[in-house]
Each structure stands twice: as C-alpha cells, then as structure tokens.
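Following: one structure in structure tokens, then a few remarks.
Going in written order, the chains are labelled A, B, C, D, E and F, and every chain counts its residues from 1.
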C-alpha cells in the first residue's frame, strides 16, 4: 500500500518537474514553474522518507540531520550570494549534485562487494557510469566555480586534447576490465573515481571564463544523466525521469547556448573550445566590452519602467526610424515609458533626428532636448543608444585633449543600463574612441540599426 | 527473435509518428512529416504481417487482398477528390478507421465468447469501450461527411440534449451490466454497438455545417482513443502510442480550432454546439460570407507570388499606413511581389492614399493607378483589401440602380483570392451593400485595420 | 465634333482648359481639337506640344470660336466674348450660374448651350468630372505652401545646437476637399495641425490624416444636406468662435476654407479674434472670393492687421497651372465623352449629370 | 558688462541679434542688455518683450553704441556706423573679414575688437556658437518652400479622380548644411530628391535623409580640407556638368547650395544647361551672393530664362526672422558667455575659438 | 481503493507513458499555425489508421468464416483510412509548395 | 545481437519512455528566450537534485559506519543541490517581476 502511494507521489512529482521546466521557459510563469518543481521535489523527498519500505526509521535522525544541515547551508548560500555571482553558485550546487551521485555509487558498490551476486553486470556498469559522470560533474563544476570566482586561472596542458582522450580511454578500459572480471580488485573503482575527477579538471581547466555558462550547462546535464543512472539503479521512476529530463533539456539548452554564442557543441566535447573562444572574443582594443544579444536586450527593456532611446547618425544611415517607432510602441504596450533624447548635433545636419523621427510619426512630445533629458537619466532603467557615438562620448567632459572636449553630451552613463547599438567598434564623426563602450554599465548590441531594432521588436513579443 | 525485431520496428514507427506530427506542424516540413509518418506506418504494417507470430501465412492471401483492395480504393478516392471537398474526405477516412476499430472489437468479442476465461473483466471493458468509440466515430463521421457533401441537412430532435444523455446512460449501463455479469446474453453487445452508432448520429446531426471541421477533428481524436484501446487489447505499443498521440494531439487540435472559432469544447461535448453556432454565424444578411483568420491570411500570402494591397478609407481611419508598409516589406522578404492598387477616389480626399503611404515611406514605384493595375489582377494570387469598400464594389459595374453605378472600380474579383479586411459588414461612404464580400473567392478578415495588419506581420513570421 | 479652347482672359489666370495630353485622347476618340495659339503658354504647354498631339492651332480667338462645336474654358467668358461664339455651339466652363445671371442670360440669348462645371452633381460616377474637387485639392496644397512662405517660422520641429525650434501650429477651418489636402500638406511639413468643421463626419476624416479635430457641441441648428452644410445658425458660429479663440491665439498659420454652398462664407474670424493672434502669424483665407472667413480679408491682396498677415489670394489653382490645367482637362475629357460622342451631343436629359450641369440650351434657360 | 543690440540697417533684413529670451538668459548670468527701440520689430519681438526680459530700451542707435561694452549684430555695420561705436568696445557680427577689408580696417582704426561669427572654427564645442550652420539650416528649408511656391507643380504624387499627378523632381546641388536640410524638407513634401556633391562622405549623408545621390567619378583633382571643399579642378566641374544634364532636364525644382569657402561659387549650371531644362521649372540659387551656381542668377532678383525661373533671393534666413533671430541670439549667447564673464572679456588667445574669431583688437589687425 | 493503487503500481510505466504522450501531443500541437489545422487533422487521421495492425492480427489469426469476413473487412477499412489519409494529406500540403 | 534484441524487448517500455522524455525535453526547451537560459539551467540543476532520493534510500538502509557517513554526506550534498538550486533560481527570477 505504502509503495503504491509512493509510486503515485513519484508520478505526480515527475510531472511537476516536466510542467515546472515548461513554465520556466516563459518569463511570466518562470517563478511559478520553479515553485512547482520545488513542491514536486518536496513531495518526493518526504514521500521517500516516510513511505519507502527500505528506509529504516532508526536512521531518521541521520536523514533529518542531513536535510536540515544541507537546507540551512544551501539556503544561506543562495540568499547571500550577489546577483553577479549567481552563475558560480549554480555551478557549485551542480557540483554538489554530482558528488552526491558519486557517493551513492560508492556506497552501492560497497554493498555490491559485500553481497556478491546481488546485481547483474549491467547493474555494475550502470553503477560505475553514474559514479564517473557524477565525479566528472563534481570536479568540473568546482573548477568552473573557481574560475568564475576568479580564484583559478586558465590553464592548458601541452597536448591537452590527447591527454583528455587518453584519460577517457583509461577510464573506459578499466570499466570494461572490471565488469568483464579481468580486474577484480575492488580498489580499482577508486582509481576510476580518481581518474574521472581528474578528467573533470582537465576538461574545464583550459576553457575561458566567458564560456563558463556553456560548460556549467553541460555539466548540469551530466549530473542529470548521473541521476538517471541512479534511478535505473534503484528502479526509481522519479529519479529516472527527473534525470533524463534534465539530461535532455540540459543538453539542448547547452546546444542553444552554444548557438547563441556561435560555437558548436563538438568543440566543447573535444575540449578544443577554450582556445577558439579566446580568439574570437578579443574584439576590444582597450579595456573589455560586454556584448549583449537582442533577446536579452528585449527582456531587459520589457521589464523596465523608463526607457530612453538616443538616436544618432547611425539611425539615419540605417534608415531605422520606422522600426524605431515600432519598438517604441511595442515597449509602451508593455507598460514602459519611452522617450527620445535628442542631442542638438546628432546626425549630420541640424534637426536631422527630428526630420527622421517625424517621418515615422513619433509624437513630438516624446522628443526631449538634451537639457531636459539629462537630469532624467538618473531614473532611467535602460538607455538604448542607436547609432550614436560622439554625442554620448564622455571624453567631451573628461578629456581636455579630445577634439570634442567642451561639447555638451547626453549623460547616458547615469542610467542603470546602457545598451549601445552599432555595427562595430568604429568611431563616429569626430574619429575618436568612446570610453562609454567600456563602461561596466554598458553592453554592446552589434549590428545594423534597422536589423537589430527589428530583432528587438520580434524578441519583445517572445520575451 | 522475430518478436524482438518487430518490437524494434514498432519503436521506430512510433517515433516516426511523433516526429511526423511535429513536422506536420510547420509549413516547410509538413509534407516530409506526412511522408515520414506514412513510412512508419508501412514499416509497422509489413512488420506485423511478416513478423507477428500469430499471423498465419495461410491467411496472407486474404491480408494482401484486403490491403490491395483498400489501397486501390483509398488512393483513387484521395486523388480524385476536389480540393474543396477535402474535409469530407478526411471525415470519410476517419469513419473507416472507426469502423475498423469496431470490427476488431466484434471479432475479439466473438473470440472472447468462444474462449471464455481468456480475458479479464478489464480486458472486456476495454474491448467494449473500443467498440463504442469506434462506432460513434464511424457513424458520426459518416454524418459529417454527408453534411459537408450537402446530402444531409441539419436536424434536431425536440430535446436533443436529454436524448443524447439518455442514450449515453443506457450504453454505459449496459456495459456495466454486461461486464459485472448482470446481463450475459452476448447479443447485448450488438445492442450496445447499435446504440453507439445511434449516438454518433444524434451527436453530429444537429451541428451546423460551418462547425463540421471541429466535429471531424473531435471524431478523429475519438478514433485515436479507440486505436489506443486496441493497442491495450493486443499489448501492441505502436497502436497504443499512435492512438494516444492522435487522441491527445487531436483533442488539443479540436480545442485550438474551437478557440479560433470562439467556441468552447464543453459546448461540443454536450451537443449544444450547433444551436449556438447557427446563431453566431448569421452575420450576413444576404448570401453567405466566409471568414478567415489572420494566421490563414498570412500563410496564404506567404506562399503567394503576387500580392496586391488595396488601401481605402479604413486604412486611413485606423492609421495603419506604417504597419501596412511593414507588411509589404515582410512579404517581399518572403519573396512575394507586392503592389498597391490606388483607386482615384479611395479615402476622403484626392490623393488621400498617396499622402498616407508616402508618410510611411512606401516606394512611389509600388503605387499603381487603377488603369495600370486592373489588367494585373488576373495574375494576382492574393488581393488584400484594407478598409476599402466602395472602390471595389462590383455594383458600380453591374447594378445600374446603385448610386455608384458608372464609377470605375478596381477589379479585384479577377484575382485568385480576395481578402477583405474591415471591422464589420457595414457599408462605406456610398452606404450600399457590397456583393464582393459574398463572392466565393472572397474571405473576410474582420478587425481594425491596424490591429489586423500587425497580426498579419506577426503571423507571417510564424507561418 | 470640334472641340476648341482659348487663352483665358481672366487676370493672372495661368490655366487652360485643354492640355496636349487630353487633346491627344480626344483625337484618339475621334474628336477634333482647335487651340488658340499661346493658350497653354502660361501653363507651359507650348503650341508645338498641341500640334504634336494632333490639335490644330488657331491664330485668333475668333477663329477658334467660329470653328468649334464646343468651347472648353476654365473661367466663364466675359460678356464681351459671348458674341464671338457661334450660335448653337456649346460652352463648358465654370459658370457660377446662380451668381452670374447676366452672363447666363447673354449666353442663352445667343442660343449657346452652357454646361457649368461647378454644377456637377457630387455623385460617385461624376467624380472624374468633378473639377471643383480637382481644383480645390490643389488649392488646399497651395494654401499651405503660401502660409509656409509667408510665415517667419518654419513648420517642423528641429532640435539643433542653436536651440530647439518648436513646430508651427497650423489651424485649418473647414475640412472639405481643400481643407483635408491642407491638413495632409501641413502635417507633411511637420506642423501641428488643428482643424475645425461643423459637419460631424469630418472628425474621423481629419483624424484619418493625422490632424487634431477641435470638437464642440454644434447643437441642432446645423443643417447638413448631401454632405454639404446647408445652414449654420448664428448661435453655432458664435459658439464656434468662442471655442476657437484660444486655438487662434496659439496658431502660427491659419488656413480658412469654410464654405456654405450658395451662401456667403461664414465669418469665423472677427476683429477681436485677429487682435488676440500672435504678431507674425499668417491667415490664408481661401474663402475670400465668397466673402472670406476672416473679416479683414481682401480678395487679391495681402494686408497686415495687428501684425497678422492676412493673405487674400484668389485663384490659387492658377498658381499651380501645370497640374491644375492637366486635372481640369481630364475632368473635361471625362465630362465631354460622357455628354457626347464624336458625332455630337446626346442631350440625354434623363442623365443626372447632363441635367445637373446644363444651364441653358437653345434659348431655354433651364436653371 | 553691457551688451547692446541695434536694429539692422541692411535692406530687407528682418533679423535681430538678440531675442528677449536670450536677453533674459544674459541678465540671469549677470550681464546687462540694451536694445534699440524697435530693433526686434521685424522679427516680431516687441520692445515690451525685451523690457519684460529685463533689458533696457534705448531710444536711439547712438545711445546703444555709447552704453555698450559689446555690440551684437547680425550683419556687419556700414562704414558710416563705425564712428558711432565707443572706442575700446567690442563688436560681434558676421563680418566676412576676408572680403570686407575696408570695414575691418576702419573698425580696427577705432580700436574696436571685432569678432566675426563667420570665422567660427567648426569644431565640436563651437557648434552651439556656429551661426553659419544655424542660418544655413533655416535657409535650406526656406529655399524649398520658395521653390515649391514658385513652381507650377505640386511636390507630392497624388492619384486622383482627375488623373495621377506625378511627384515633382527636386535636384539639389551641394549637401552641406543647407543642402541637407533642403533634402529633408523636399522629401517631406513628397518630392523625389536627387543630390550632387563632390565630397565623398556626402553620399551616405544624403542617403541618410532619403535622397538619391548622383555618383560620378570626381577623380583626383578635388581637394577636401576639414570637411570643406578646398578646390575642385575645372575638369571635375566639366564632368559633373555633363552628368547633371539629364538630371536637370527632368528636374522641376533645382536648389543650388554648392560653395567652396573663400572662393567664388562653382558655376554648375551654364547657359546650355538652362536651355535643356523644362519650361516652368525653377532654380533657387542659394549661392547667389557668392556669385551663384547658375550663370544667370542675379542677386535679389527672379528672372525667367527660356521658361525657367531663376530665383536669386539673398538672405533667406531673414525671411524666417523669428526662428533665425532666436537661433542667432542663442549662438551669440553661447559665444559671448564663452568669451567673457559678466565682468569682461577673457581675451584667452590660447583658446581656439577666441583666436579663430577675433579679427582685430586694440588697433592690431590679427587676421 | 487498494485495487486502484495496485493497478497504478502495476501499470506504472504505462501511466507514465500515457501522460508523457499526452504532454508531448499537446506540446507538439500548441504552436501550430491555423492554416495547418486541417492538414494536421488529416495527418493525424491517417496515423490512427495504425488500427490496421489490429485488423491484420485478427485477419492473420482468423480460423473461421466470421473472423475471416470481419477481419477482411477490417483490413480493407483500415487500409482505406491509412492510404486515403496519407494521400489526402499529401495533396492538401501541396499548397505549401513555394510557387516560385 | 540476440541479447541486444532481448534487452530491447525486455526494456521496451523503458526505451519508449526515455526516448519520449528526450523528445519532451527538447520540445520544452526549443523556444526559450535567451534571457531565461541561466534561470532555466539553474532550475534544471535543482531538479536533478532529485538524486537526493537515492541518497535518502542509502542513508535509510545504512547499517554500517561506512554507509552511514557516506550516506549522510550524500544527503547533505543532495539537499544543498536541491535547496540552494531552487532558492537561487527563485532569486534570479525576481528580475522578471514587473517593476510597476
């Protein structure tokens, strides 16, 4: 009877996970999706504790002790971490999951050793695979964590790829030898464990910091697979499905993330990844710039209250005035307030921006002169600079040697977020570098203004 | 061994169905999706014939005879049917599936009677359910077919709903009685069969012709469920999954179709459907008009080569000129050629349309005068009439009594498809009815021009 | 049938009733055309162009009159010209037969058939012949250009290094054909456009061009007939003037087109209202020939009152001679091919268009 | 420091160097303002408005000159006016010091410091003081309005019951400040705009306003310096004229703004080219004061050659007196507050702007 | 109650499968443009023709006239459903061929 | 070969399930806007914390010190993964609260 109820609980939990993941895929429902998944998890945990026949009530004290300890530490860590450090936190927690999977395998193996003949070879292989994957996930995640915390630097062995493949071969060789009975010493599995952990290190070490999110996502799906193996081991459906779900969804997510960053998953898998990444992200000449995607920009704006658009000559070149107006309307439909900051010399003739924006029917009331808008930037959530450069160049205020020194500019830096949309890092009319692009608040959205604005409009509908 | 291979074939077929359905959901892949599903089906059929242990080679002649006969008839019917008669054809084929399900149940039941004790009660119930659903699907589909062929008229019993529910109750009562052993006469199941078929008739009879697609979709998912029961019966996975897939996808499709037509599924299920439908589709005063959705319009235009937009006063009222230009650009991005047909007196002042379209930057070369565009309509795939009325009213040519008689008009009727976008059936400036709206080639896209154009632009991205 | 056209004699009239392109069309349809030498010069249609189109050029007015079965003109002929017409011939032109009785009578006396373009019924199939519309349309555009040219301000908003220039405010009276075109043109130039009219349907029409409609309760005393204002009581006008004051005070350019057919134009801007207007602002009174919407307007003159320029230019279409003549000629073509075949008039008095426009014939005064 | 401004004496000059709004700003910054009575009248700034802004009104020119530490003017003073200036005072105005030597010398002789607005360096931080740009901008707009007003054709395309009116073709020479604004304005009105310039970067600029750029191989003999054409060889101009012929033949309105600083304007339309233009077309020559881009242009006059109207109006900004004065005054404000505090000039000769604009001081001729 | 639980427990995998299948069905259909509703319905209709497998089994096992006749009929009907369904769907989808 | 077929046949339902699950996972993720990538990864990370069930079972069965210690550790780590994962995800998703 108990088992039946537990089975039912597991069914419900499994579908809570599925629905939860689905809901996590839409901004409006994401929060509720997360809660739903958490609720499913809670049900599964307590169901297991109280209804699983093999759980001995005598061990309750240990179980609850561990639960309370883990919950307290996990909660505090998760609550204290700063927004900017979220990714490493995810990596850390992922590593914990991987370690948990490895530990389970070890204990199970111990059981297997002490009760020979209780499991099939398939059983053993699955157990070992779960352990390896868990260990790789654990050590890899820890390195990823360290890298993002900037405690660990990039590091590359001379023939990294060859070494990686060798280690993998040795691991699989040992597994075969062990399960086929060629090697019998139980300690072998600790060697396998150690090699797996080492592989995790080797795998993640050479990869550049910028690519960590992809790696974390991949390790995340690894842990999912390890969990699925655990589910197979115990014939436990909720583990199985939860694991497979994360394994498949996580892998696809990794692919999608790679795609968004113009990489292929193949590169990740053979460890060749970091090298290329470093090369292609070296756009900035001085300082570092941060890129942003149209989708992220759209989401950022969607959830903003005050948006200011700063049009410049690039808007005119791209003839993006119509789609700019469209973006304005879309944002307003989302409840944001949109204004245009018109710099007196934006463009190439007096009133250039007025002519363009009037053409696309932008309301005159939305066009603010520099002096009127400058004080407002402080309360602006997002400034979208569209093909403007000199008119937002802080050198005009800071650098007496600059040819534009003394020209009043739009103080976009005062806003919470600055998105600069232009095609490249090329200079504007005055031919000078713009330190705004290197400002920590600034993110660059590279592309032709018309094309990117259109993408923003489209993404706004999805985000 | 044979069984194993067959199992594998079934797995492959089942996933061919899933992927096929998925591909059917996108215009670009739909055709390939259909072929994939068909391939899966072929594999399953021949796999069953040659690998199923219980199929006796002595019966091969019957089997192939039936297959050849069915294929020949089905192929010819499907190839000969006219485009406009496709829906009834689908209904017919669906009915065949339902009948097949019912027949299987009858034969199985016969088997059950002759070999008592071979199946459990659950087995019997499933068998009966499969039979009932198959029968309902069969008779319902035949009525739907007849209605669409206009061989059968709407028909309503006095207390239709009560009768329907009564019949259902009797059916379920009999099933209970039979499976619980209260009634034992095997002939009972023929009574049940008869009642089920009658229910199918009763269910579909009162529903108006316009709502048939929804009904067919529902009956389709019924047959899917019947198939799933068949799969349960034979523990045959491919039947089971194919059936469930069609059952679930079909039900959702029904809901989606209902939504697109502003109905609720509940209305369909309690048979109250037809009544309401008849009331709400009585928009036209004379003749019948056909509505179209934005999505369908978008798809139609997407796959068209020549599109002509006819702007009228409604475009101006809605201030839809900007989004109209956007639509034009989107269509051109899809490879269509877009022109504007400007009637000399469209709008309320000379040159009204020019002023508007120039505002939204439509290229002068795209604007064609009436005399230049009229000969071109013959080779136009889709004409989109946006808030124009009098200027496309054929009464100007046909009806000497009309106040606009003698005014030259745009001959949009010459085009292959005419979509009229306006808010209602209200008249234009001249205050007269427009028979164009009742033309068989015409479909009405009701709504504010700006809103609908925006939807078209959005749908064009999805379609 | 021979169609003739002569040089217009009205002062500063640049238009001509037939264009080379239209002559060509007529000739293709079997008609013949005779044009007075130099008739199209002011509209930049050379004699050579007419010749090329197949028309013949006549050296003198009288030659044209003598040859032609029908004379097409823009303006009504002067009384002196009437005797030059061949008796029994026909004349098509604006005639304003209600206010131009002496002319009508003298024409009738010579047994000339007179079709008045301004009497064209405003029905759908007559739209191609509707010269009032085609000319008013051009006039609406021109009024805005004149306003922009006379104003010391530019129309669009411009934010420049030398400060922001606010958009000009343009106030338009009357949203008929001319008023609507004026809205469109002023909007294009970047002005903020406000419009007043007393026909209720104009609100939507004004908004369909991006103008702001000044709504006020017109009450019951406005009578509309066939799309025209038939009568508007003094109380309505008084209320309207009151509402308009604050709009006038803010306006940079005012364009007035308000008319009530067959009546004197309503006086919508009185002395007091001009006084509250900004110095430097401009009024272009398009209703000036019907008495003007502004009390100070003088036909053909631009006067300054209280710093406000009041432009009373008449005959705006004439200033757009090329376009105006071409459009008028097309109206004539549509009209004449409706009235007649190449062999002569049909005199189909059951036809609404013929009946509506034929003022006199064969010595019978029909209107 | 007392800032003075007087009524401009140049013929048909409506602008004034200080506006009430700018006076108010000056006074807020601690300066004092003296304005000759009626100085702003032509730009519709009343004495009352100046008084309200805190300026004082002087009854006579001489009173202003006597009181002021710095005189702000639009046009350079006539030689007769120079003696009225207080010795040691300063003058800010357009001075065209290179072509106006007698004036510069007489000003210098009276030990007046002369700042010439047209010598303003075109650097980023001087943009707010750049009166050449602010005035050229308005002139570009005005030129189009004049062109539209003079033309017998309307600019936009209209499809009407009386036929389709094709859009006017506007051809613009020179895509500097005025040319660009002209493109924008003509486009707004619905014309099809073509543009020629010999600076390569103008192609993108023209297209950014929706104009069509007429490309041709300018070859090596065009020298560009600091964004200006320094020199264009005769071969280039000849080639350009050849290319332009077919565009001119199609044009309805031509607006010429082509200039080479410090040189006579390039002659881009010669007799032969006028001959191939359509009768009724219009040329607005904005370069007429520098000799004109068209061979027939006469400053201040409109002449007709071969049916082509050639408008040689000078001083277009003056016709937009309100906007032009306000912009000019804002330029002056930015300039003067840069040059001086309320207690006097800084005479910072290391400053590029001061050094660039100061023509003479204390009897020393600096330029 | 007990028996219900038992049933659930015994057919656990089946239940997972059915629910998953339903999920997947819903997920697959959700974003289908409405032009594809009819072809999709038609395609789905052809797919449930997999009922033919059942009829083939019956036909294959048939050892008496009753079963033979009914089995034969069932196979014919099923084939009609399958072949007709796929062919009709294919024809419907011809409209999505790009015309250029 | 034979044994592979046997395995497939024996675990037929499981295979269906795994493939279906993968399908579903893919279907669910495909159209996720990229802003949600990180929260989604984090949420998925919390979900695979369901491995904790395994550790609870081990802990529950533990009858020797080795198993107790390792089991305890496993539960702690699993809990960290679950609790930390869900809480972090929740915090990340706070950015999607409409600010008005």
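One rule holds in what follows: a residue touches a chain if its C-beta (ideal position, glycine included) is under 8 Å from a C-beta of that chain, and two chains touch if they have at least 3 such contacts.
Everything numeric here is computed off the predicted structure, so don't read it as measured data.
Visitor: What chains, if any, are shared contacts of chain B and chain F?
Guide: Looking at chain F and chain B together, the chains touching each of them are A, E.
Visitor: Check B-D against B-E and say which one is joined by more contacting C-beta pairs.
Guide: B-E
Visitor: Looking at chain C with chain D, do both copies bring the same residues to the contact (over half shared) or different ones?
Guide: Chain C vs chain D: same; shared/all numbers exceeds half.
Visitor: Which chain maximises the distance between its CA centroid and that of chain D?
Guide: E
Visitor: Farthest chain from chain F, going by mean C-alpha coordinates, please.
Guide: C
Visitor: Counting in whole Å, what is the centre-to-centre distance of chain B and chain C, each centre being its mean C-alpha position?
Guide: Those two chain centres are 56 Å apart.
Visitor: Using CA atom averages as chain centres, what separation in Å is found between chain A and chain B?
Guide: 41
Visitor: As a quick test, compute the distance in whole Å between the mean CA positions of chain A and chain C.
Guide: Their C-alpha centroids are separated by 69 Å.
Visitor: Among all residues of chain D, which ones touch two or more of the remaining chains?
Guide: Within chain D, residues 127-128, 133-134, 137, 156, 158, 160-163, 165, 188, 190, 210 contact more than one other chain.
Visitor: So which stretches of chain E touch two or more other chains?
Guide: In chain E, 13, 16-17, 20-21, 23-24, 27-28, 31 touch at least two other chains.
Visitor: Which chain B residues sit where two or more other chains touch them?
Guide: Each of 18, 22, 241, 344-345, 350-351, 355, 358-359, 361 in chain B touches at least two other chains.
Visitor: Which of the chains touch, listed as pairs?
Guide: Touching chain pairs, listed by label, are A-B, A-C, A-D, A-E, A-F, B-C, B-D, B-E, B-F, C-D, E-F.
Visitor: Under the stated contact criterion, what part of chain C meets chain B in this complex?
Guide: Against chain B, chain C makes touches at 123-125, 127-128, 133-134, 137, 140, 177, 180-181, 184, 187-188, 204-205, 207-210.
Visitor: What does chain A use to touch chain C in their complex?
Guide: Residue list for chain A touching chain C: 342-345, 350-351, 353-355, 358, 361, 364, 367, 369.
Visitor: Using the touch rule from the top, collect the residues of chain A that touch chain B in their complex.
Guide: Listed in rising order, the residues are 322-323, 325-326, 359-361, 458, 461.
Visitor: Which residues of chain F touch chain B in their complex?
Guide: Counting only chain F, the residues touching chain B are 2, 5-6, 8-9, 12-13, 15-16, 19-20, 23, 27.
Visitor: Residues of chain E touching chain B in their complex?
Guide: Per the stated touch rule, the residues are 17-18, 21-22, 24-26, 28-63, 66-68, 70-100.
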